[in-house]
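Next, two complexes with chain A in common: one pairs it with chain B, the other with chain C.
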Partner chain A sequence: MKWISDEKLNRLRTIVNEPDFSSTKYTFVKELGRGGMGTVYLAEDRELNRLVAVKVLNTPDITDDLRRRMIREAQIIAGLEHPGIVPVHDVGTLPDNRIFYAMKFVRGLRLDEYAAQGASLRDRLRKFQAVCDTVAFAHAHGVIHRDLKPQNIMIGSFGEVLVLDWGVAKIRSEFHQSISKDPSQSVAHQTMDGTVIGTRDYMSPEQARGEIDQIDERADVYSLGAVLNFLLDDKATNTAKAICLKAMAHERESRYATAAELSADIGRLLDAEPVLAYRENAFEKVSRWVGKNRFLVLLILAYLLMRIFLIFTSRH
Partner chain B sequence: MSHNEYSGGRFPATRCSVIAAACSEDVAERAHALDALCAAYWKPVYKYIRLKWQATNEDAKDLTQGFFANAFEKDHFARYDAGKASFQTFLRSCLDGFVANERKAGSRLKRGGDVDHYSLDFAAAEDELAAHAVSSTLNPEDYFHREWVRWMFTLAVDTFRQRCLDSDRMVHFQLFERYDLNDDNREVSYASLGQEFGLEPATVNNYLAAARRDFRRIVLEKLREITATDEEFRTEARSLLGVEVK
Partner chain C sequence: MSKPLIGVILGAVLGAVDGLTSWFTPEVRNELGSIVIGSTIKGIIAGIAIGFFARKFNSLPIGILFGSIVGALLAFPIALMQGKYYFQIILPGTLVGLIVGFATQKYGTSAATAN
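Let's turn to the complex of A and B:
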């Protein structure tokens, strides 16, 4: 065999890495990104003539645990019908035994890319509130994401917000039946105590300690707080920072009890209403009231100035 | 392991690797395993000695032969602990230790009474070194890894060609060679390959898909052979297949 150049070597590596879709209705287009568990490819659905994102297990060797996790992720997403959660179209197995699932291809930016493009703080907070609402929906269906971070949140071309990568999600035991119709197939809630799941900078202290049994909705609230912290800039008010601190409280009892509560506080912040996380002093209350009613304040000021002017001119 | 064992399109199943066999009590099994390890590593070892240790061509040949002969005689690979490092890292540190000792002892003699244990094409390795300059920014460890990856793929291409020849599927290999190992910069399309080989473009597509599938299987099979544990296999597969060459 002749010398294999670096260029050719890279090509061979890409070839070896490409999923074999020959037994499916998809045609490989290109790689979109790599995660801890799987790689996402852009593929064409030949039957419906549309582009889809296909997630395929990364590692060539399949342990049953990984395989079941992939199927579980597909089941979880399929069970959550919400505009903020990408719908799954199809699940299957490739000829090399790797599991894949096809989902809607979302054109847009990751939240970190979106923030880097200079979106205003107000716009970022609106997107963040949409993330909270999506997570609150998942919580209401017994699903805890456990890996919320800017890289797992997409902002679509029309401004829609989508939460991705539910691969390490935990399903609360009382919801097992609703997610997996066949209880014998359910592998939810199987993570062993001591296993650390999530991303270091965004995971709650209980997650970092591997206390699986202690992980509930408030672990996601902590991660949402870390995402909010990522989105805040120097212009953030004390109120915004207080919301962030409450969401990221070390003790989970001190955090917002639910993502819905956090979303509501963000909504109040956007509407210049008092928030749960922050006790204002009199000056801050007045400042906020003034900020919220700027037009009215300007009208009153204009009226008072006019009166003073009239009094002043009538005396002279 | 025969080709047929993979005909189901599955990944190679867990099997006793040559690393485990290299630690066997059975001398014949151990010798066979060391031959396999030598085949899988001799070229990166030789080039690494040339680059890192600045050895001359002749010294590097002796040191490469000596390293594998010494590993066999002294049963060095039996000390390998998969929990501590990858086999590749372990082998490289054994190699550094061996070359350092040889240099210290001032020994320039070939191991085993001036007899080459392995028939290795050092001239080809030397030609490659002469023809392809090594970037000065590349450290010897990365260079070793890169050359090992290159050698793995070279062996896989050779194996693939042989299997296609044995199973009367040379057209698969030729298509793979023309499309994926194409050296010239000319754009090769499925249509032009179809014309060249007298096949429909759809058939070219199917043959190429099958060829890539087989090639992938061979690469993983080779990797499986020279990794000690499933974990190491997964890690190396990720490293071998998932990272761009510097």
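Let's turn to the complex of A and C:
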């Protein structure tokens, strides 16, 4: 009997796991990541000579529901044309009957990796605001992400912010027609009540209880608050912490009503303006004003010092 | 707030403060009222000039430079009339102009442009 070396065995394993792109215009390059529903591969688009990310459904034994979900995800992303959402280029079926869709390959870091690299709090807040704006755009188009977390947010090599993984997104009923014209392909409430969707540390209480009907934009606001909490460090001011607490309020009525409202408060925080989430005392108001107008305060101080100097010298 | 308005308000306030500090110079203390009025008017004139300049030229360094020059130029004749205290009059005047120049560029809103 002839033994196969570990190296050869690993190679065989890799080949077996590789998706069969033979009927498509893509060439397999490598695996990028594996999720619950699908695996994302790096592939080369031979026609356009560019790299793309291809998401392939994990199993060929798919139910109609799973197939619908995958197509629906592609449709959701394709319907949301925004710089913060990765564009979908193509959708199709592999020879083994697995559904795939190709999208732009984003070079960069995940938000958690970006934060670990020591980005300043101000930079992290700016990126976070861009995430809020992207989510607000999706909400305006009736799409609720339901799985916002640092691992689903990418910072591109030019600083662009992209929200990924819309696989468990919910489309509000009044909007689902715009996602797909075919009613059999588009189901607004695909998830049964009682099903828990999302990531434990980032999901809202109503999501954790599986109350699907209760999930609206404020569930994403809660997740955004959890992402903000992840980004804040010891240097975070009381104001930043208050924004985080308001976004993560247990009762959804107490949260920001929309991601746009949360984004606006982050903008005010960055501009040293008073925020909705926090009532400042007089000392904090003065410190904020001084912090914002540091140069003017320094000029006036310089003027007063000069005045004192002139008074002192004129007396001697 | 418009740039000229910021210039006028800040020029008047700083001009008045500038004039009030002459109280610490005993030789001119009996002329305090006229010094404060003159200094306030000088501040307002400087504020108007710097404010309108800021409306035409949207640049922080140029605004600061222009403010300093206007402050110094307006203070110079007063020092000349006094015949002394050149340093004590021109230096604060220049600094007031500098502050007004900075504030008008930094905090003033530009006039809306017609389409």
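Criterion: the second predicted complex is superposed on the first by the 310 of 316 C-alpha atoms of A that agree within 3 Å, B and C clash if a C-alpha of one lies under 4 Å from a C-alpha of the other, contacts with A are read in each partner's own complex, and residues count from 1 in each chain.
We adopt the following convention: contacts are C-beta pairs under 8 Å (C-beta built on N, C-alpha and C of every residue); 3 or more make two chains touch, one makes a residue touch a chain.
Only a predicted model underlies this, so the values are computations on that prediction, with no experimental measurement involved.
> Which chain makes contact with more of the residues of chain A, chain B or else chain C?
Chain A has more residues touched by B than by the other partner.
> Which holds for A:257: it touches chain B only (first), chain C only (second), both, or neither?
In the superposed model, A:257 contacts neither chain B nor chain C.
> Can A:18 be said to touch chain B (first), chain C (second), both, or neither?
first
> Between chain B (first) and chain C (second), which does A:295 come into contact with in this model arrangement: first, second, both, or neither?
A:295 sits against chain C, while chain B stays out of touch.
> With the two complexes superposed on chain A, say which partner A:305 touches: chain B (first), chain C (second), both, or neither.
So A:305 meets neither chain B nor chain C here.
> Can A:8 be said to touch chain B (first), chain C (second), both, or neither?
The first partner, chain B, only.
> Name, in rising order, each residue of chain C that touches chain A in their complex.
14, 21, 24-25, 87-88, 91-92, 95-96, 98-99, 102-103, 106
> Considering only the defined contacts, which chain A positions touch chain B in the complex?
Result: residues 1-4, 6, 8-13, 15-18, 20, 22, 34, 58-63, 95-97 of chain A touch chain B.
> Quick check: in the complex, which residue numbers of chain A touch chain C?
Interface residues on chain A, with respect to chain C: 295-296, 299-300, 302-303, 306-307, 310-311, 314-315.
> Under the touch definition given earlier, write down the residues of chain B that touch chain A in their complex.
Against chain A, the touching part of chain B is residues 9-11, 14, 128, 131-132, 149-150, 153-155, 157-158, 161, 180-181, 183, 206, 209-210, 212-213, 215-217, 219-220, 230, 233-234, 237-238, 240-242, 244-245.
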